[in-house]
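In the two complexes below, chain A is the common chain; its partner is chain B in one and chain C in the other.
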Partner chain A sequence: MASTRSTTARAFEYAPAPESRSIVDIAPSYGLFVGGEFVDGHGKSFKTISPSSEEVLAEIAEADEADVDLAVKAARRAHSRVWGRMPGKERAKYLFRIARIIQERGRELAVLESIDNGKPIKETRDVDVPIAAAHFFYYAGWADKLEYSGYGTESLGVAGQVIPWNFPLLMLSWKIAPALAAGNTVVLKPAETTPLTALLFAEICQQADLPPGVVNIITGAGDTGRALVSHPDVDKVAFTGSTEVGRAIAKAVAGTDKRVTLELGGKAANIVFDDAPLDQAVEGIVNGIFFNQGHVCCAGSRLLVQESVADEVLARLKRRMATLRLGDPLDKNTDVGAINSAEQLAKIRELSEIGEQEGAERWSAPCELPDHGFWFPPTVFTGVTQAHRIAREEIFGPVLSVLTFRTPAEAIEKANNTPYGLSAGVWTDKGSRILKMANALRAGVVWANTFNKFDPTSPFGGYKESGYGREGGRHGLAAYLKGGHA
Partner chain B sequence: MARAEVRKTYKLFIGGEFPRSESGHSYVVEDAQGRFVANAALASRKDARDAVSAARKAFGGWAGRTAYNRGQVLYRVAEVMEDRRPQFVEALRQGEGLTAAAAGRVLDETIDRLVWYAGWTDKLTQVVGNANPVAGPFFNLSTPEPTGVVAVIAPQESSLLGLVSVLAPVIAAGNAVVVTASVLRPLAAVTFSEVLATSDVPGGVVNILTGSLDRTAVTLASHMDVNAIDLTGLAGDPAQAAALEVEAAANLKRVRRAPAVEPDWSAEPGIGRMTDVLETKTVWHPIGV
Partner chain C sequence: MTASESSLRRFLHGLPGVDQVGAEQRAASLGTRSIKTTAKAFAIDLAISMVDLTTLEGQDTHGKVRALSAKAIRPDPADPTCPSAAAVCVYPDMVATAKDALGSSGVHVASVATAFPSGRAAMDVKLADTRDAVAAGADEIDMVIDRGAFLSGHYLEVFEEIVAVREACSRTDGQAAHLKVIFETGELQTYDNVRRVSWLAMMAGAHFIKTSTGKVQPAATPPVTMVMLEAVRDYREQTGQMVGVKPAGGIRTSKDAIKYLVMVNEVAGTDWLDPDWFRFGASTLLNDLLMQRTKLATGRYSGPDYFTLD
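Presenting the complex of A and B:
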């Protein structure tokens, strides 16, 4: 080893440890999954690519209005003839089967998700897939216990569900598991950049012998989604995605009887007090904003750090950020994967440039970016004020804005100074302060001395413009039962 | 010449192992027509005490597992049982004199009951626990916790569905259990213990005793390290049930009394058999900066 005078930690050299791709079998093209079968769509097709290499993975059918109508009809038929009448304990067993098959095919799903989404295999393997399976397992158990939910036992009918690209399979499970447990049938549209795990899930439904039409998967972009949520025979709309699209959906369903839940954007405050265990807090800050490349609606994108420890926290944070490994999503050592699309990368770049123009100071972790694909280094902005756009707008990327505060009251005021209200984090050793902050924060989820924790039993969803309704837990059933009218 | 079959020895299930009774005693088990089937182990007082020790040892680990994991394990029991249907259908025909079709229906109910309770492990807290809006700056939360080691006198008539219906809720709620099987129809319980042993249920979480209640039931009811007792299997024997309830008072066991007649086990169970073996813990914490 070459001698060095430097006493700073040198990054370990890691040999690549790639997960094998051979476990997945991607077809050249995919149709729509309607009525239990894969069918050709009537519309055009589009390509899904690997964001880490820009390699074309498959040709995907784009469902047009006629396709959407067929899918809704299939779901309606399955609801009125089979699923809506089936005793809960029988529905439960299908959902348990699906949970088991997700577990059995876990590695395949993890690899496919990493390839199509760009997120590290470490995350798909340890977070996305196991929690998706757990979600089905949890709601399977509810199917024959709805009378204990407090929301009655009557299903709504057909649910039209539109999910984002940041956690494709996991968001699918959050949508489909409670809907089916409550006796509804679904038409689900995955995001146009990440359709592959949803299409593999369709195959899982076949393996589970799920009755045809209970789950229908239609692929496409915004037009397909619009056709689905505005279809007159859809009883319930569930959407996870941007606040802008959520607002459009709320307008589209105005004046109808459709029930709606929306899980939208966020600009979460991650609040670090001076008595916090700082190393743990730094880990939590890193997890809060760089987990999943910051493509997380509940990401801790605003760090509020108490002035007395701000310098120290930032020094430790930058040191930690320098050790993050960015690169091949299939490498088991990778911490930060690819940005999901060129479009998203452009948005992150634009807001970061605005951050600099408005006077904040930019620092990025010194990591090499691959030549192909879409990449953005973990980045932190200091000297940010509440007026800056990077403190107000959701960047949805690995970009942290740092603000400081002196008193708890100031922290509360700054944390709540946002149209969003999805999540928040609090770091302090003082229990009473955690609870005081939790009460004062206008956010649907508050993490104390931890961040980005998810569990099927735990309700998730936002205040204010982060949407309405909750997913997960007993409360998650309210969205899919007649007695749960919000 | 016809092949002589290899017959199974029906043993106790204690601490995840299959011992004979330490007393060396056994008793004759007959089928529904009164024909000899097998000699089953006649559990002694000492066997009952050993079973309680094994249950106590297993309790902490089982209660400490996540509710999700307990649900997965219970679901696994259902899976393995489904896989061994012919064996249980035969046990029910032999022990309860059912036709193959009726035995199949009882087995369906039994497996579905396990699935029902598998789904309860991680929902019970959400249904019976809650936050309490106390009139002061305090966080106040009540959650259920398992009471500990539970003794169960299993039903006498329904030797499999009845057994699972009284046993599953106790372990779903996170307790460890010592159960006495139907005295005259113990073989389905022994076969069920073999399913438990191959289903990721940690040893000692379920312990099954066969034989006369004269020895075991009093020992369990009076045992100072048993936290609760379910007397369901004494349906129709109020004098014996009352006597055991008196014994149970020594350490204030939670007692589930015997019904007048054995219930219809095909009815949906409700959550009472779980809440009977739960404690409620309430945590207070101040709120302030």
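Presenting the complex of A and C:
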């Protein structure tokens, strides 16, 4: 402002701010957690690596059919002898204890998750771990109040649970907390690329003195999962993952009396109307698709923006994307971490190339990608239409497809025109429009002027190819009680 | 759009709304940035150079203002590499004293005006208040808007008042004092109001927009400042003209100041990381910045007795 001043604006470079790894202690090899103890598997072993550096972290036992059988037997025994008979208020004590230990060891869990999964420490610290603890706290509260659930108080028995790699600890808590609160015992298989926090959770179960066999963690890939869900003594199958695998599971359990809940893929529409609070909408778009590198089944991967504000929204979005910091997941200032695996990176690249071939225009935030590990820059495709594959198929990466609409009716039509139906977002200043859209959108969750918000009290689940059954809230108990209808 | 009350109202109410929850979340998430080592040293020096060292009390004396001016020129007498503050901010009757004490140091004299802090006086009184301060040598005028007029929807009245005060900032030598417009966002309360008043003030010719007088709680908050930073960013995009931002009141620690600088960096952009375009209105912040600066340089914390009380 004044001519006497000579200071000129300089770039404000953030120095590295890495969270220390010293809090975690990764063993060179891990066995299976069966009957309250770590045991060697009968199968081969596999390696888990850090996706941000490709560093080998540990050797993990691969459970074969015999191992799965032992784990199911341990769970059955624990159910019939201890856990299934225990009064709810006693079960609650264990769940509260687990919740508190998750909080106490929160930093350790956050660092380990970040290393094994590739997601930023900012997210594991502020989202994954606190919400995982919140799930245990919430369902601990239900354990002695099941008679008010509407689904009776009788547990199903043994639950076989298979979870994905995108939120390893959080999905574990979504699965285990309601199952245990309702009196079931579980055999859980974490994804093969992200087993470490589940194995640390096994240690937490020991620390909490949870009776042996109530929680069993078996590691492995597709074959292990298949053996678990098709085991004849499993009463209930809960799966979160791809629609393809979900379909195979539905086939495998067809004709049995197993109960099933599936939480599968999505291609959520994030709908921005011309009267939306634009700066917050841009934040919501960013959070909707770049949170967790877009490895989110309910990600807002289709932006539907009203044509009258499309140019302005896109300009603001690109400017905002240029400030995203991609890099070392353990750096506290990292916004976008590593893609979880080489396989997933290949899939994201393939679909992005198809997007370009089909004529959509690609723009990526200007950021340097590290030399090692699996990385993909935050990317936007404009000029996308319903006919493009990138508007229909789940990319499961940091890739946003932008479509436009003219009227609310067209927005609803396009948003619902997908085989999926997990989530949707609506951005408008008009309250009545929010209610109308929420009624019209066929999605399990509709967020209004926000996106990717999770809370243990709120049910979550999909329509159509996004699966069936609900997790979270009172509804989440239906899947684990005999009186539930799921 | 400033031709009539109704066209001005249409324009201001046509600006995109601000979602309270979303804005507060975004401001909070920017507050989690971890600024360490070299970045921290950079930010602390920058923050020191952006401080408008302020005393606005009934008990102010010429002695107090001289002491404050000395502090603004050399915040840390033990370390000549420490930058000067941006300005000393006083009441109009203290401007001449401050001007004299600051001399050719490059540190500006800012004066509040227009019946600070309430703004409740007749228009000619407010203009006379402004002219007095300018005549006494103020480089910058921090005016308050008429919040009553704004809240009752008389936007054109507020607009015309700012235009008139800006005219009163002219000096006889053809130069003019720069005008900071204080909104007292604690009284306007909603973020929608903050966005509207920001545009209103910028269109009326404000060089700087400023959150608060420091006399009303809450004073500056991160989300309010963020909404103002978005406004100056958007205003430059549309008009090519750059306007500065000054949060004032309630910023007491280096940690707070650094959070604001992160916000400037990521919301408005690096162009605003300059005392010409961003200021802190504060009285106690400076000593905390100095203590943190010494801690970074020496690796040791020293007590408050090692820093001057102004």
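We adopt the following convention: the second predicted complex is superposed on the first by the 474 of 486 C-alpha atoms of A that agree within 3 Å, B and C clash if a C-alpha of one lies under 4 Å from a C-alpha of the other, contacts with A are read in each partner's own complex, and residues count from 1 in each chain.
Criterion: a contact is a pair of C-beta atoms (placed from the backbone, for glycine too) under 8 Å apart; a residue touches a chain by one contact, two chains touch by 3 or more.
Quick caveat, the model's predicted, so the values are computed rather than measured.
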| item | value |
| --- | --- |
| Which of chain B and chain C A:Arg389 touches, first, second, both or neither | neither |
| Partner chain in contact with A:Lys122 - chain B first, chain C second, else both or neither | second |
| Contacts of A:Ala17 with chain B and chain C, given as first, second, both or neither | second |
| Chain B versus chain C as contact partner of A:Thr323, first or second or both or neither | second |
| Contact set on chain B toward chain A in their complex | 67-68, 71-72, 75, 112, 115-116, 118-123, 126-127, 139, 271, 285-289 |
| Interface residues, chain C side, partner chain A - complex | 16-19, 21-23, 25-26, 32-40, 42-43, 46, 49, 106, 108, 139-140, 178, 207-208, 230, 244, 261-262, 265-266, 270-277 |
| In the complex, chain A residues that touch chain B | 89, 92-93, 96, 134, 137-138, 140-145, 148, 408, 431-433, 435-436, 439, 456-457, 473-474 |
| Footprint of chain C on chain A - complex, ascending | 1-2, 4-5, 7-17, 122, 126, 275-280, 283-284, 323, 332-333, 429, 449-450 |
